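In this document, chain identifiers A, B and C correspond to the written order of the chains, with residue numbering beginning at 1 in each.
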């Protein structure tokens, strides 16, 4: 089926893709190792004396930020998973015509919620969080983040729940298992890949989120990773080498998660993807 | 147990555990609970500025035992929104360094800033500060400035010398001639200018209009001068004196371009003096902003210092403002670490400054500064100018078109803001 | 649409395949495992899918015993009502009120549709809308067309495929503020791209500063950032197509691309459909990349709707104008997404 010409085509495409995606990565690493003046005078050169100036400056900030980010991202991911799984299950069950309508309405609503531009939700959330006394607290930020990522997580997870065959549930029913029992012992195991994908998605998204973090975290809290990254760009100066050094430091945990998740992330989507 | 059930249970326990611990696990900058904390919001990111802050914080903490300063560096773009929301929730800092030239009317109107007229009037050294350092609304003081940041002209003498230019141009015409020479040489770039389509583009371009005798309030009554000025920058862009890329540069980018050594000139501010002195690989000379018909006039920029209206530590906050910014020591030190030009007359006459040749043009510039418009929509007015500048440099609009849209935009914003200006 | 489901069913019924296809063995090997399973467990793949089809046609079979699972929605419903729906409602209210710096959180006066009439009267809005459509169109080409092509080329499981996918997904996972800053440098007037052009003697290009080009440079960067996700999704869907179908086509003498277009492409329709909707959302929401790359400039030439809304609200202190632009954006996207919502309804009602 595949000619040698096709093989060559594949190789060319792979090389092009690798170049397109490694060049920015290489650029980040190279420039994080440049001194303040080198990063400006020769941003494109690969020949320079490496300097750890930038790393020295940002290391402590970076580590502190990673700690905050880990807390926020883990909590948000866990909470989203906790909420999205039963919801995806419920939205995948076919019970009655009435329920079908509920499902359709909910899915439409979930889509609409994703249309709202995030910066525009900050002001309304200020009022909400202040009313509940959650402004400037970690739970407040977590709730805001959860509401931000939950609609997408449900939409991502639902197809996995839909593809669980009804026959399995019926068998469980005959055995006298309650719905909750069936959910735990049948749905959950079969949603494994889906949950894993949602977990990775939400973790990645929460890791990069900074608008809420900057606005809703308690004063004096160490900013999370992306907040510290945003701090590097200000009116008086932009520390490019510091930004890139921070990027390298703060992407290390992401890389660890990624190494762990990559195979499932890449192949897990094969299961039915985002239907 | 199935792996997914494990994930699910792990997630549940993770939420429960970390959630219950969260109040004490979040790492914090602030000190132990025994201390009282004074919270300060700034958007400084420059190492020099940050070092100056922590240096003075140490002094303050030593002088006021039991107090701890909590510096919060808010990203620039989130600052005003956070302040405005804080005014209504009460959950804010004690001390504020805000972008006074853009947000003053909004912050005062929203009740973010405390009326510090009493403090200021009782301040023994207030006579040493010029009037332009005190920001009033309806006769009450809300912001004071300790230093000012203004724009001037930086020259790369290594480049200019190659074209026989040994003195810095003082007028736009001289500068045009110098730029033409550099351009004809073909080896170097002309002027590193910031033309971002936001307030920064306006901040860098307004001095062109100011020295032609036009300010925000008088824009529409001098259509000829506005048009001529926009035409000039359009011509400079067209001839390649200003690169097209400058249409999206902010002032930090423009400065970095100049520092890279390829540009003969850079229009930028005094806060870069320290960087120029320590990091430039070429000879840097400074001059006042070139004139455009009239005398050289620039806007006094910089941060307004104020106290949060709902601060419970207002008294300490005022004390802090003095230690951190208002005292002579603080101002001289801030100049050394970041190049910010002091406002106090006894600080400007200090030997450290008076002997600094590079700083002199900026010191001189403080004596002839323009007044900012007093209108709640001042931000919109500035954005209109900035968008027009960016459009001109990029070639999206001709000089005439840009002048038209700038004038129309400023007039509309002024009207929307109640019509006031002066 | 039935293809992926059928295979899953096979995997689910046959307990020997605990990891499911594709998760233990990479890509193509999943096809052999599923075919072996169908032979070992009395052709479970096809029989069970027939089984589920039968049930689909007889919904009353389930009605008898099943209660609507409302309880499973309670927690999500509460969280979303409080922190997503209510803020959305506030956003709508903001768009019909007069919200400025002095009354940011409370004390809003309802002024009706004035914000909307004001915005709709500005050329800026219509130009931003056009640009947003243009940008979205470019992104659709990338996330459907280019991604389909790349996914086809990355189908064969090999070490090199894994490396390519790995690097791509890692780039996709990086915080946008980092990747956009890097691209700002690469596309700068003396950035890497122009240095390369200069080295081979070509004229320099104002990637981010030319009024005609800036929005397309932005589109390229956005496409770059979004491509890995699309490739993953499309590739995943391709791998879940039963190999018998493509093999049959090969026996009939169809070449690779012929098979891809006439056999694989139609099978991928549901996936591509979703991807299209997600891409439209991406185009209409993208803000951080544009903000870092061009701030909407030069002039206003790369200002899309979210950029316009952001600058009105946060730089000009006109929150209600920003909110009104956001509401208009939501309406536009909702209209674009109507076909998708219809398909959801159809799928649910099946």
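By our rule, a contact is a pair of C-beta atoms (placed from the backbone, for glycine too) under 8 Å apart; a residue touches a chain by one contact, two chains touch by 3 or more.
Fair warning: this is a prediction, and the values are worked out from it, not measured in the lab.
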Please flag the chain sitting at the greatest distance from chain C, going by CA centroids. B
Can you name the chain whose C-alpha mean lies closest to the mean of all the C-alpha atoms? A
For chain A versus chain B, what separation do you get between their C-alpha means, in angstrom? 35
Euclidean distance of C-alpha centroids - chain A vs chain C, Å: 14
I'd like to verify one number: the distance from the centre of chain B to the centre of chain C, where each centre is the average of its C-alpha atoms, in whole angstrom. 39
What are the residues of chain A that contact at least two other chains? 82, 123, 126, 130, 190, 192, 210, 230, 233, 240
Multi-partner residues in chain B (2 or more other chains touched) are 77, 81, 85, 88-89, 250
Can you list the residues of chain C that touch 2 or more other chains? 104-106, 188, 190, 314
Spell out the part of chain B that touches chain C in their complex, as residue ranges. 77, 80-81, 84-85, 87-89, 103, 106-107, 109-111, 195-199, 243-248, 250, 262, 376-377, 379-380, 383, 387-388, 390-391, 393-397
In the complex of these two chains, what residues of chain C are touching chain B? 100-106, 188-190, 206, 208-211, 214, 293-301, 303, 311, 314-318
Touching residues on chain B, where the partner in the complex is chain A: 2-5, 7-8, 10-12, 14-15, 18-19, 22-23, 25-30, 37, 39, 43-47, 49, 70, 72-78, 81-82, 85, 88-89, 91, 93, 99, 200, 250-253, 255-257, 259-261, 271, 275, 279, 281
Chain A contacts chain B in the complex at 36-37, 40-41, 57, 64, 67-68, 71, 74-75, 77-79, 81-82, 85, 122-123, 126, 130, 135-139, 142, 184-185, 188-192, 195-196, 199, 210-211, 214-215, 217-222, 227, 230-240
Which chain C residues qualify as touching chain A in the complex? 1, 4-5, 8-9, 12-13, 20-23, 26-27, 30, 48, 51-52, 55, 59, 62-63, 65-70, 72-73, 75-76, 79-80, 82-88, 90-91, 94, 99, 104-106, 149-150, 153-154, 156, 160-171, 173-179, 181-183, 185-186, 188, 190-192, 195, 224, 228, 232-233, 235-237, 239-240, 246-247, 250, 255-256, 259, 270-271, 274-275, 277-278, 281, 284-285, 287, 292, 306, 309-310, 313-314, 319, 322-323, 326, 329-330, 333-334, 337, 340-341, 344-345, 348-349
